[in-house]
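Have a look at this one before I ask anything.
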Amino acid sequence: MTFEEEILMYGKMFVALDQIENCKDFLYLIPEVRSNLVYAKPKATSPEEVLAVDGRITVVVGMPHAAGRPRFGASSHMARLIIEVMKRDPAYRAGVNFASDSRLAKWLEGYAAEKGWTYSVIDRRKEPDEIKEMEGSSMPWKVSEAIEAAGGRIPKLFYETGAVGKEPVTVLIGIDPMEVVREVCEIARSYNASP
Amino acid sequence: MTFEEEILMYGKMFVALDQIENCKDFLYLIPEVRSNLVYAKPKATSPEEVLAVDGRITVVVGMPHAAGRPRFGASSHMARLIIEVMKRDPAYRAGVNFASDSRLAKWLEGYAAEKGWTYSVIDRRKEPDEIKEMEGSSMPWKVSEAIEAAGGRIPKLFYETGAVGKEPVTVLIGIDPMEVVREVCEIARSYNASP
Amino acid sequence: MTFEEEILMYGKMFVALDQIENCKDFLYLIPEVRSNLVYAKPKATSPEEVLAVDGRITVVVGMPHAAGRPRFGASSHMARLIIEVMKRDPAYRAGVNFASDSRLAKWLEGYAAEKGWTYSVIDRRKEPDEIKEMEGSSMPWKVSEAIEAAGGRIPKLFYETGAVGKEPVTVLIGIDPMEVVREVCEIARSYNASP
Amino acid sequence: MTFEEEILMYGKMFVALDQIENCKDFLYLIPEVRSNLVYAKPKATSPEEVLAVDGRITVVVGMPHAAGRPRFGASSHMARLIIEVMKRDPAYRAGVNFASDSRLAKWLEGYAAEKGWTYSVIDRRKEPDEIKEMEGSSMPWKVSEAIEAAGGRIPKLFYETGAVGKEPVTVLIGIDPMEVVREVCEIARSYNASP
């Protein structure tokens, strides 16, 4: 990757964060663990090659707010998730996580169908104990599970159920952070406007 | 409460946040849901009467970082917790939540004993379904449970186990945010230095 | 000064900064050198005993914005000014500087008369060369000049003309930062509403 | 200009600001009016087409600090300067202003000579009254003056003397903000290390 391509990554994150900070509807989708927005270098294999928001996206003065600046290595969980997805389809380089509950999960399934997006559910209660106990093996399991549940296709949108000590979250993936933010804002607006 | 007393509350929060942002050891105690620091007006009955950090305390550039400024009404969960505690002992007006896991929980029990602090565990798996389902009744149940588990005394430090969708957390309560931050920093330093 | 009094100083600065950041009219009074708001300990003799805004008050997203947090020692110029004023009247412990030009200066003279405030002008062109050249003697000269120009009274509001390399500024002094901010916001609103 | 080129502009500003915020030596070159860093679109004719730091670059916690984020239209003075320079040489699209005094000005002259940079002085006392009075004509006069003083060449570095109400400043121009920041940091380091 050239330095110019890296600079372009910063530029896209900057523009995407500006958009999400102005998306008031997203407020209601920020989970307890806060959202993060990640953007991986092509062929990234470690979180150090994934740009993310330092301190995550939280809520300040009633609006979404990036706590710090975009920084390579600023995310662990979401970074490892996008790295795992990229092994299956290198076109997906960005992702965002957001809140979920059973009502939203159901609504998202319909929304995805309307959009023609593959939607999938990862039931974390099915995670085998030997996977949980082996450092670093949960993420490959989760992504495989999401793909399997979607009949072999990589889901654009997937829902990870809660587990003991783990909040349920939804993840949306895409080509770059600007696409992902545009889509997640539209989700937020549509959901908030739904009856 | 006079306006001067309210200003003094802001001053104490300001000084406490300055201390926690300079407490590098606290970094490792910040949970996925992020920490908050709360400070209630005497006899507070609603989160609007509790000062808290807007956007919670997150991690930026490798240090604890208050995402926004102290604001009345900025916390829901921790605010309701301190309000509930104050019904039993009005002297406690401040609290902070932080990460936990089984190793830390065990260590904290020993630390509390050394300090002469009452320590308690709330096992959320014991929470009756009718409580869970009744809006606003979880917090009174949890605080009662903590007190009961401590033999009728209000615990200075208590550990709330994880549940489905809920991260386990530890809560430390005290007289004001400066006391609470001084104590939680000492906990962080001692724990990080422990073998 | 007790620690509690120092905490109260932080609280007052915090509340005052919250007010000035919400005073949109003040925007037009922020000078090129940016404003600062200072609050001195009683009997302060050095800038280290004066609380001020780290990075000054600038303009971000079209609103007044404190660049950093209140910090003792964060101001030099305005801190030395309030220290000099306190030698004459220890009741004045806070001050703010803001923009000026000939139209505003004239308007302020009328405003001060209406309020019953002593208003004074420091003509920096009158500053003797030997004063300019002697490190640390400009400020005592300026404050003496302001008092003399006001017939021996300490002015509540004074205008310092520009000089070569120096932007003209207005200074408002008061008991504490909350008073000073309330007054300067009222000045900003009245001036912006003036024909 | 394509949207991708605009995004690249944000990326370069982001990277440049990260560098300047980590350049401790630059601290001593920040003028009373604060620095700004500007980056113009090709053929820009208005400040709305010039990216600049919202709130300028100030000093917080003893380090250079961008008060806000890069935003088109955030600068007036420096934006109009780079627009004027671009009329003569469209390759220059970025600039930064910083402090000056007679000692630094003299040192910079030597530094520029060593680097093979054209260096020029604008003596603002020579500005004709009819120019000063005509809205928007000062900047064209200043840039013409700088070029004339440099024997017809566009200076890479120029010094603008103070005038009544105006602080003296130095301006460095370049191809993009990353070049300009790298160069101004080297100036700061060399000057601070000079005897």
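So that you can tell them apart, the chains are marked A, B, C and D in the order they are listed, and the count of residues begins at 1 in each.
Just so it is clear, a residue touches a chain if its C-beta (ideal position, glycine included) is under 8 Å from a C-beta of that chain, and two chains touch if they have at least 3 such contacts.
Please read all numbers here as calculations on a predicted model, not as lab measurements.
Visitor: Going only through chains that touch each other, how many steps at minimum separate subunit B from subunit D?
Guide: 2
Visitor: So which chains count as neighbours of both subunit A and subunit B?
Guide: Chains in contact with subunit A as well as subunit B: not a single one.
Visitor: Suppose a student superposes the Cα atoms of subunit C on subunit D; what rotation angle should they report, nearest 5 degrees?
Guide: An angle of 180 degrees brings one copy onto the other.
Visitor: Using the average of all C-alpha atoms in each chain as its centre, how far is it in Å between subunit C and subunit D?
Guide: Subunit C and subunit D have C-alpha centres separated by 29 Å.
Visitor: Based only on mean CA positions, could you tell me how far subunit A sits from subunit D in angstrom?
Guide: So the centroids are 40 Å from each other.
Visitor: Please report how many Å separate the Cα centroid of subunit A from that of subunit C, as a whole number.
Guide: The separation of the two C-alpha centroids amounts to 49 Å.
Visitor: Do you know which subunit C residues sit against two or more other chains?
Guide: In subunit C, nothing touches at least two other chains.
Visitor: Hey, which chains are touching each other here?
Guide: Result of the pairwise touch check is A-B, A-D, B-C, C-D.
Visitor: Which residues of subunit D touch subunit A in the complex?
Guide: 4, 7-12, 14-15, 18, 69-70
Visitor: Can you check the complex and tell me which residues of subunit B touch subunit A?
Guide: Residue positions touching the partner: 32-34, 54-56, 58-61, 65, 67-68, 162-168.
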